[in-house]
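First subunit A sits with subunit B, and in the next complex the same chain sits with subunit C.
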Partner chain A sequence: MLLRKYWEVYKKFVSTSVAVETSFRTSFILLIIMDIFFFFSTITSIRFIYDHVATIGPWNKDQLLFFITFMLMIDNLHMMIFSQSFWEFSAHLKTGSLDYIILRPMNTIFSVFFRHFRASSLIITPLFIGHLIYYGISLKLDYLAWVMIPLFVILSLALLVILEFILSTSMFWLTDGLGINFLRMQFQQLARWPNFIYQSLTRKVLSFVIPILLIGSGPVHFLIDHTHYKLLLYMGVAVVAGLFILANLWKIGLRRYDSASS
Partner chain B sequence: MNQFLINLDKWWITIKISWVKHTAYRLNFLLQILGPAIVFLFVKYNLWSAIYKGQPDLVIKGFNFQDMIQYHFWAFVVGLVAQGHGAWNLAEDIRMGRISSYLIYPFNFWEFHTASWISFQMIQIFITTVTLLIFKSMGIIQLPGSSLFIFGTVYTLFISCFWFSIQYLTGLISFWLEETWILRVSLNIVATFLSGAIIPLDLYPEALVKILNYTPFPYLSYYPIQIFMGKISSPMELSLGIAIIGIWTLALTYINHLIWKRGIKLYTAAGM
Partner chain C sequence: MTAPLIQTQNLGKQFVSFKKLPGVMGSFTSFFKRNPIIKNAVEDFTFTVKAGEIVGLLGPNGAGKTTLMKMFTGIIVPSHGELKILGHNPWERDKALRKKMALVMGQKSQLWWDIPAMDSFLLLQKYYEISDEQFEERISKMSELLGVKDLLHIHVRKLSLGERMKMELMASLLHNPDVIFLDEPTIGLDLVAQENIRHFIKQYHEENQCCIIITSHYMQDVQALCDRLVLIFDGKKSFDGPIEEFEHILGHEKSVTFNFSCPQDPKHSFFSSLNTKWNEELTQLELRIEEARLREVSAQMIQDFPVEDFQTEKLPIERVMKELMNNPDLLRKKSP
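Moving on to the complex of A and B:
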C-alpha cells in the first residue's frame, strides 16, 4: 500500500519533470548531444591509449572498456533519476524553500532526491546498454555474469547515491552547498576508473573508508572473474552501513536546518 | 585624462569587489575551481603510473614516464590559468533580468564582467604561482629557460582571453536559450578532448591530428604545454600560436558585440 502510494507520487514527479524539460526543446536536444559526445570522447580516449599499450594494470582493452561502459551506464542512470535533485537541494537550503518539501506527508529523502527526472538521459540509455552488451560479448561473459549485470547496475547505483546523499547532508551546515555538489562530482570522477590504477593507500581509503571504488570495481572484477567476490561482499556491507549512517545524519541535519525564508 | 582616471577607478573598484565575492566562500571556491582540476590531475597521474608500472624503459610516442607526468602537470597549470573562469553569473544576469541595472549604470555589462574576470584571473595566477613553486621544489616539473617561460605565460594568458570571450558568447546566448550551462559544459568536454588535455595529441591518430591542426583546439592545451616543456621554441612556431589565438579572440569579441546588439532588442527585463 505504502509502496503503491510512493509509486503514484513518483509517476507524478516524472511526468512533471518530462513536461518541463521538453518545453525547452533546444536545451533538451543539446543535453542529448552533450551526453553522447561525453560518452564517445571517454571511450575514444581509452582506445587511443590502447593503440600504444597492450594492457593497463592487469586488464586488456576490452576489459577496461567494459568497466568504463559499466560506469558510464551508472552515470547515465544517475543523471536520469538523481542528478538534478542534488543541485536543487543546495538551492532549497539556501532559499529556505525546503520548508515546503519537509511539510509533504512523505519521506523527506524521497521528496528531495527523487523529485527531478531527466528524460533526455532516458533517450540515450540504449546507447549505453548496447555498448555494455557489445563489450560483454567481446569478453565472452558466462550466463551467470549476464544474469547478474542488471542486479549489479542497481546495486552500484544504490551505493553511489547513498554515498552522495550522505555527502549532501553536509550542506545543512554550510551557507552555500554548491561546492559540495562539485565535490560529489569529483568522487564520481575518481570512481570512473578501476581500483588497480590507484596506489595502495589511496586504493584502501577509497575502497574501505569512502568506498567509491567499490561502485565499479566490486561488480566488474566479479563479472570478469567469479573468484573475485570479496569486493562485492564489502560493497553489500557498504550499502547497509551507508543506509544506517544516512538515516541518522539526515535526522541530525534536519534538526540543524533553520529555514532561510522564515 | 580626468575621465580616463575616473574610468580606471571604476575598473579598480569593481575588481576589488569581485575579489571579495570570489573569496567570500573559500571552501566553495576550493571545491568548485581547484577541486576538479586537482582530481583530474590525480586520476591522470595514477592512470599513467599504472600504465608505466614495471616498465621503466617504456617510451610511448616519445614520452617516457617522467615526460608524461610533466606533460600532465603542465596541463594542470595551463588549465588553472586559462580555463578556470566559468562565467556562471553572466547568463543568469540576463535570464533573471538583472542586466537592467547595467543599462543605467555608467559601467556597462561587458566592463563589469571583464573586471570580474580580471579579479578571478589575479586569484588564479596567485594560486598557480604557489602551485608551480611547490611542483618545482618537489622536482616534479622542470622550468624551461626564462624567455620560453615568459612567452609560455603570456601565451597562456592569451588563451584565457580566448576562453573568456567564448564563455561570454555562451552567456549572451541566454537571450535566446533558457539553459546555457549545457553549451558551456559541452564546449568544455569538446575542448578538453580535442586540445590534448586528457592525453597528448601525439597519441591520437595522425589523420585526426592533421584535421585538428586546422582548428584552435591544439593551441588551447597541447601547444602551451609543449612551450613549457621546451619542445616548441622556434620564433616561427611561437608566433603562429599567438596569431591563431589572437585572431580567434578578436573574431569572438566582434561576434559578442553583434550578439549583444541583437540580444538587447529582445530583452524584456523579467521581474521588473
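Moving on to the complex of A and C:
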C-alpha cells in the first residue's frame, strides 16, 4: 500500500518533469546531444589509449570498456533520476521553497531527491544498454553475470546516490550548495575509473572510508571473475551503513533548517 | 469543553545571523571573522486556538508572524517552549498531522511554475491520497467559487498574481485540512482580488468549520474574517482578544466629521478642549470624542456653528493599528 502510494507520486513526478522539460524544446534536444557527445568522447578516449598499450593494470581493452560502459550506464540513470534534484535542493534551501516540500505527508528524502526526472536521458538509455551488452558479449560473460548485471546496476546506483545524499545533507549547514555539488561531481569522476589505477592508500580511503570506488569496481571485478567477491560484500555493508548514516543525518539537518524569510 | 487544536506555551525562536560590512574588504573581513547576532524572532508566545476559530495574527514587518506560522506547520523547530497542533509536535513531522493541515504563503509558491495548475493539483491528489471522486468534486466546487474554471489548464507562469493566489488556495485546500495557516494570502493583490479571496475563505470556513490562522497587512482581511485578533510586536504577544476589544484599545472614542457652510475659527474657545483636525479651508472638522460625550458635543456644535452635515464612525482598525505601531507603549498602558 505504502509502496503503491510512493509509486503513484513518482509517476506524477515523472509526468510533471516531462511536461516541464518538453516545454523548452531546444534545451531538450541540446541535452540529448550533450549526453551522446559525452558517451562517445569517453569511449573514444579509451580506444585511443588502447591503440598504444595492450593493458591498463590487469585489464585489456574489452574489460576496461565493459567497466566504462557499466559506469556510463550508472551515470545515465543518475542523470535521469537524480541529477537535477541535487542542484534544485540547494536552490530550495536558499530560497525557502523547501518549506512546501517538508509539509507533504511523505518521506522528505523522497520528496526532495526523486522530484525531478530528465526525460532527455531516458531517450538515449538504449544506447548505453546496447553498448553494455556489446562489451559483455565481447567478454563472453557467463549466465550468472548476465543475471546479476541489472541487480548490480541498481546496487551501484544506490551506493552512489546514498553517498551523494549524505554529502548534500551538509547543505543544511552550509546553505550554499555550489561547493558541495562540485565536490559530489568530483567523487563521481573518481568512481569512473577502476580501483587499481589508484595508489594503495588512496585506494583504501576511497574504498573503505568514502567507498566511492566500490560503485563500479565492486560489481565489475565480480562479473569478470567470480572469485573477486570481497568488494561486493563491502559494497553491501557500505549501502546499509550509508542508509543508517543518511537517515540520522537528514533528521538532524531538517531540524537545523531555518527557512529563508519570505 | 472542546480541546484546543493549537496550544503553545512560552514558545520561542532564535535566529543567528552575522553582520557584513559593505564592499570587498567587508567581505574578506567577514569571511575570517564573524560576529554572530542573535535575534529573538518569537519570545514566550502562549496561546490556544479552538476548533472552528478564525484568528488573525497582526503585527508590523519582522514582528515574528511568519516565524510563528513556520513553527506551527513544523517547517522550523522552536528554540524553546511547547507547541501542540492537533495533539502532535509539528516539528516531529508526523505524516498524519501533515495530512490534516495546510499552509498558504502569499510570497512563496507551491505550484510548479512551468506547467498548468491542474498538473500540480494531480500531484497533490497523489500526495494526499484523495479519491478521484472527491478530487473532481473539490476542484469543480473551488474553481467555480473562485472563478478560475477556465484557467486550470493554463501554465502557472502565464497567470496573474491574483489568479495564481487563487490556485495556491485551491492547492492547499484540496485535502480538506482541519487547520489552515494563511500567511498574507492577499499580499500584492488588487482590491477586487482581495475581496474575492476573502469571500472564498469566509465561505470555505462556514462550510467546513475548520480552524484558520491568518496573518495579513490588510486590516480589511482581519475585519472581514476574524472574530479574534492576536497582535505581535518584536516577537511578543501584545494583545489577544475579540476584535471589538481591539477597536477600543485607544479608548471608547468615536470619529465625527462636521462640514460647515463657511470657514470657522479653529482658535474658538469651544474647540480648545477637543481633539481636532481641520481641513485647509477650515470648513471641515474631524473630531475624536469619547463615546460618552458624543451627544453633548454634537448638539452644542449644531446649535452654535453653521453645520451643514455631519457623520459619525467608530475608529477604523487601521488607525488603531497605525497608532499602536507608532507607539507600542499604548498597549502596555492598557494592560492591567
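Going forward, the second predicted complex is superposed on the first by the 260 of 262 C-alpha atoms of A that agree within 3 Å, B and C clash if a C-alpha of one lies under 4 Å from a C-alpha of the other, contacts with A are read in each partner's own complex, and residues count from 1 in each chain.
Rule of thumb we're sticking to: a contact is a pair of C-beta atoms (placed from the backbone, for glycine too) under 8 Å apart; a residue touches a chain by one contact, two chains touch by 3 or more.
Computed from a prediction, not measured in an experiment: that's the story for all the values here.
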Next on the checklist: Touch test for A:103: subunit B only (first), subunit C only (second), both, or neither?
Outcome noted: second
Next on the checklist: Quick check for you: in the superposed arrangement, does A:19 touch first (subunit B), second (subunit C), both or neither?
Outcome noted: second
Next on the checklist: Taking the superposition on A as described, I'd like to know which of subunit B and subunit C A:38 touches: first, second, both or neither.
Outcome noted: first
Checklist entry - Once the shared chain is lined up, is A:190 touching subunit B (first), subunit C (second), both, or neither of them? => result first
Checklist entry - Between subunit B (first) and subunit C (second), which does A:241 come into contact with in this model arrangement: first, second, both, or neither? => result neither
Item to check | Contacts of A:182 with subunit B and subunit C, given as first, second, both or neither | outcome: first
Checklist entry - With the two structures laid over each other on chain A, which partner does A:137 touch: subunit B (first), subunit C (second), both, or neither? => result neither
Checklist entry - Looking at subunit A, does subunit C or subunit B touch more of its residues? => result B
Checklist entry - Can you list the subunit B residues touching subunit A in their complex? => result 25, 27-32, 35-36, 39-40, 42-43, 46-47, 49-51, 53, 58, 60-61, 177-179, 182-183, 185-186, 189-190, 192-193, 198-199, 203-205
Checklist entry - Can you name the residues of subunit A that touch subunit B in the complex? => result 24, 26-27, 30-31, 33-34, 37-38, 41, 44-45, 48-49, 51-53, 56-57, 174-176, 178-180, 182-183, 185-186, 189-190, 192-193, 196-199, 202
Next on the checklist: Give the list of subunit A residues in touch with subunit C in this complex.
Outcome noted: 5, 8-9, 11-13, 15-16, 19-20, 23, 96-97, 99-100, 102-106, 108, 254-255, 257-259, 261-262
Item to check | Residue ranges of subunit C in contact with subunit A within the complex | outcome: 15, 66, 70, 73-77, 91, 93, 95-96, 98-99, 101, 103, 105-110, 112, 114-115, 119-120, 122-123, 126-129, 155, 183-184
